[in-house]
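Each of the next two complexes has chain A plus one other chain: chain B in the first, chain C in the second.
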Partner chain A sequence: MRSKSQSLLLRQIALHAALTPLAIIWLFPLWMMFVFSTMSDFGIFSPEIVLWPSTNFVENFKNLQADTDFLRAMFISIGVAAIYTFLSVLLTSMAGWALARYRFVGRSIVIGIILGTITLPFAVVVIPQFIMVAREFRLANTWIALIVPPLFNSLGVLFMRQAFSMMPGELFDAARVEGVKEWQIFLRIALPLARPTMAALAIILFLHSWNNYLWPLLINSKPGMMTAPVALGTLIGLTKVSWGGIMAGAIMLTAPILVVFVFLQRHFIAGIAAGAVK
Partner chain B sequence: MPIRNRNAYAFLAPYLLVFATFWIWPIISSFLTSFQNTRVNPWKFTPGVNWGRLIGDPAFYNALYNTLIILVIQVPVMIAIATVMAVLLNSPLLKARPLFRFAFFAPVVVGEVAYSAVFRLMFSFDFGIINKIITLVGLPAVSWFDNANAAMALIIIAVTWRWAGYNAIIILAGLQSIPDDVYEAATLDRVSKTQQFFHITLPLLKPIILFCVILSVIGTMQLFTEPFLITNRGGPGGGTETLGLLLYREGFRSLNFGYASAVAYTMAALAVAISLLNLWIGREPK
Partner chain C sequence: MSELSLKNVVKRFGALEIIHGANLEVKDGEFVVFVGPSGCGKSTLLRMIAGLEDISGGEIKIGGKVVNDVEPAERGIAMVFQSYALYPHMTVEENLSFGLRMNGNPKQDTEKRVKHAANILQINELMQRRPKQLSGGQRQRVAIGRAIVREPQVFLFDEPLSNLDAELRVQMRVEISRLHKQLGTTMIYVTHDQTEAMTLADKIVVLRAGNIEQVGAPLDLYDDPANQFVAGFVGSPKMNFLKAEILERNAAGVTVAITGDKNVRLTMPVTGPLEAGQSVTLGLRPEHFVDAGQGDADLAVTIDVAEHLGNTSYIYATTAAGEQLIIERPESRAAGNRNTLTVGLSANRSFLFDSAGNRLR
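Our next item is the complex of A and B:
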């Protein structure tokens, strides 16, 4: 027995010896993002290796705000992500409900088209979307341009359809016998039961919107209507720019999401593992 | 059982309107645009103009080559790392599990711009912390942005850092769905842990790993932000220009929508082809 527990211990040590360096490497960029955001530009571009935070964060943030109106961009990003998430959950829940609980002409065609096109790259639609929104609707540099086109995302439809079709049908039939209207069954019975799925979906969609770069870069390039990632992106590559400021912006984009991630890790992971569609 | 009900159309209509306008119609429209000469006003239907140019365009082959090289190296490396992460995280012997999970999964929530910025700074030639560490151990500093091969390696490192945990989450979910009694039976039959991994775990994980490969291929195929921001618009001199960047440059810098649509459809065709290839490799032997 003794040798067995010893070999177990050895295995345990080997396991941690393998994982710890990997974990340190993986945490390193995030740690450095934080450290850089607290260092002066002079400190960042000095020959020493600095691995510990300094005290320059506020100064960096002021430099960032002088380079681009980052607070305004953060406000737009938060607003867009919140409204987008709400609308997308609402629309895709309704569609998922219809596809899960009703039989109607065209149902399998709709499901087929969604599944058949879900893996197509966004690149395929980006040019027509841009021409439509910017030139035909003349909606470039508006909130609508940021919120409405990305609502096509069909992830939620598959998510919610799955959740609704796993619910026992007797529940809804009983309500129908009592004369409850269909939309009330949806709002009062089905949606509350689907709350965990909606939470996972909402987290994933919020994250998508918060981090979205290409579409906001193309459609809202006017200063004052940029999202935070786009505003930050305009500074990267400039020669006369505060890198401490850029890092302060990067931390402001990342830290809130990381905090939420720590507390809602299970929902994040459930959403990614179940949906697994970018 | 689902019931017949005309309410279905009312529930479906709002989403379908958005889906048709901003997804289905653009898919068709960009196909049509790829046959239009968009350099004249109004656009003119000239089937060969963009596809003909694409076939002879060195910039296209450069972008295609870069994309495929990144794909062929980055996806297997990342999936291997992700599998290791998932298997080790799944070990019952692991202490401080939440800490390790945080380390590997946190990059999944970090935005492309934020992480591109920090990678660009970390890998800068003179003052980047990576080169400082490299020279500290006595190796020559790498010029990550001026040497095309080093720049490609940098993109691969960055993308792998960002997405390995994402794949590890999916693989971990797959691992946890393997019933314990499979392993218990194997242990009773004195099958070693290593053999269990290669003869039980990996074969059972195969469909999930293939799924991850497909997702990663589709994602890497569209690579845009990293070469745009980290290696400064696909530099040095187009050394990291991907198909996504070529699309951006042709579509939104030169405003040649027709040619950019042809590039977009090439990306889509490649994504579909590689997905099908993966499905074919992963088919059940009959």
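Our next item is the complex of A and C:
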């Protein structure tokens, strides 16, 4: 007779045996991106397939930096993503709080409209948004153009509203009886309790900003004001494409996200699972 | 001066009226319990006194001042919630001092008040813990402590013990009673548990469907209920109600007979406008049955179940007319072995109600 722990072990082995090939398939392109970033262009296009990294990374990065000021683009990307994430979490929390906790005329209409905007693809919005920002406000090639238009994130509002709705109302009533002001209730009670949700939302928003390509491409096309993905994209049109350099840039774009994800993974998964069970 | 008065207080949610003109006077230092079944409006009424719900009509006065439009914090009240409502991310000490700190109360005074509350409730050693590290009873103490530090004119309790187990509930009940004696502050306490109401209250307010049915001292409500609802709600196990009929009016009052058994007759000193043949309800408390032959009439019943608790027994029985009864007998070890039982009824321990449930006197 097999013991319980033995059968558990067998199940674990079977599970890992099934998942390992999938993980390899998924990780292989990333690995090759890393390998290519360390090879010369000659090496990349040689008929022989090499699976192990070489020593050309620094050389490739120098080429990249020469073709486009990639370090500056990285700085802009990080700055935009950080400011955007901070402001957007703050704004969506405030909106979510109001929609979750205050009864006012037209509340369900407002929620309906916000929900409706989720279904609008960005492609529908991009032209009017471009005309408004670039022509009306003359904000092309500025930080504001990158940060402000996507600030109001309807998914974030609904995300935060859900988090605040699930908190017991008596907590806030207790504070009201104690004479705590509404803004203090929000800042000192609601926000600290919503921290896990805010962390998950922050990761989602940071990724959203970091990976954003279409909008920065349209609005900030001046060399000194490009974000990193846009800067990297400009290299592909050149007469001589330095794939080693592009791969080195891609590695630098991917690495921060991996680091952030590893550190905040717990919150990320908690946020995604929030509301799944009571 | 911390008396409280409600005058024609009404609460409406849209077209739906929840509280229909409540009138109540609470004296300074009194312990008043709002009791009633779920949905009767007792918690809503308490929240209206607290200022957490707007009032749709009428007037609420605390300490002689109309507070209809006064913010909760300025009404001189403190509230203890059913769920304790402790801030989970703060320690006990921070929970106790939070309201005072946010209002800019001087640090020294805040510390003094927190210490005082902790001493009263004996939670000194818990001050650095978070709510999740506390047991239910400890959490409830902290919630009460948070009310004490406000030094309110009126304490409001919203079913504070209903999340505790039976043993702890009894213990906390005694502590709340002791606290009331110690502080001497007006307290208003909401519960659906009539035992809590009877043991804690100076004055009980019985509510049903948004109406105040009766206000009075616990034993007054027990001895002299205003209607069938109050009679059934106060006392445990609850009062038995048997269908009966008026046989005749006479000099002593009226003679009634239990439906289905015309021989069980009681003459009661009721003077109201009653006619022979009118249907009424006879109310008898389980503890007021006497031995056969000792009362004014005897009633034979069939025993369904007998619960023996040692000092007393509850006998669940059925009358000849098929009505269910609970009879409390001091000693009836032998009752369980029998199928039938005859008990005596006393006219002066019985109540009469008309078909609308109003008491007939």
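By definition in this document, the second predicted complex is superposed on the first by the 247 of 278 C-alpha atoms of A that agree within 3 Å, B and C clash if a C-alpha of one lies under 4 Å from a C-alpha of the other, contacts with A are read in each partner's own complex, and residues count from 1 in each chain.
Throughout what follows, a contact is a pair of C-beta atoms (placed from the backbone, for glycine too) under 8 Å apart; a residue touches a chain by one contact, two chains touch by 3 or more.
Keep in mind the model is a prediction, meaning the values are calculated, not measured.
Asks: After the chain A overlay, clash or fit between chain B and chain C?
Replies: Superposition result for chain B and chain C: fit.
Asks: In the superposed arrangement, does A:170 touch chain B (first), chain C (second), both or neither?
Replies: Only chain C is touched by A:170; chain B is not.
Asks: With the two complexes overlaid on chain A, check the angle at chain A between chain B and chain C, Cα centres, nearest 10°.
Replies: The C-alpha centres give an angle of about 100 degrees at chain A.
Asks: Regarding the shared-chain residue A:140, is it in contact with chain B (first), chain C (second), both, or neither?
Replies: Once the two structures are laid over each other on A, A:140 reaches no partner at all.
Asks: Using the touch criterion from the header, give the chain among chain B and chain C with more contacted residues in chain A.
Replies: B
Asks: Can A:45 be said to touch chain B (first), chain C (second), both, or neither?
Replies: So A:45 only meets chain B here.
Asks: Once the structures are superposed on A, label A:187 by its partner contacts, choosing first (chain B), second (chain C), both or neither.
Replies: neither
Asks: Touching A:102, do we find chain B (first), chain C (second), both, or neither?
Replies: first
Asks: Check the residue A:82 against both partner chains and state whether it touches chain B (first), chain C (second), both, or neither.
Replies: neither
Asks: Of the partners chain B and chain C, which touch A:154 in the superposed model: first, second, both, neither?
Replies: After superposing on A, A:154 lies in contact with chain B but is clear of chain C.
Asks: For A:199, is the partner it touches chain B (first), chain C (second), both, or none of the two (neither)?
Replies: Neither chain B nor chain C is touched by A:199.
Asks: Check the superposed model and tell me the shortest C-alpha distance between chain B and chain C, rounded to whole Å.
Replies: 8
Asks: Considering only the defined contacts, which chain C positions touch chain A in the complex?
Replies: Result: residues 47, 50-52, 71-74, 77-79, 81-83, 85, 87-89, 98-99, 102-103, 146, 150 of chain C touch chain A.
Asks: Using the touch definition from the top, list the residues of chain A that touch chain C in their complex.
Replies: 168, 170-171, 173-181, 184, 188-189, 192-193
Asks: Flag every residue of chain A that touches chain B in the complex, lowest number first.
Replies: The touching residues are 8, 11-12, 15-16, 18-19, 22-24, 26-27, 29-30, 32-33, 36, 44-47, 49, 91-92, 94-95, 97-104, 107, 110, 113-114, 117, 119-132, 148-152, 154, 157, 169, 182-183, 186, 207, 210-211, 213-214, 218, 229-230, 232-233, 236-237, 243, 246-247, 249-251, 253-254, 257-258, 261-262, 265, 268-269, 272-273, 276-278.
Asks: Which residues of chain B touch chain A once you look at their complex with the stated criterion?
Replies: 1-12, 14-16, 18-19, 21-27, 29-30, 33, 81, 84-85, 88-89, 91, 93-95, 98-122, 126-127, 129, 132-133, 136, 161, 164-166, 169-170, 172-173, 193, 211, 214-215, 218-219, 221-222, 224-225, 229, 232-233, 243-244, 247-248, 251-252, 257, 260-261, 263-265, 267-268, 271-272, 275
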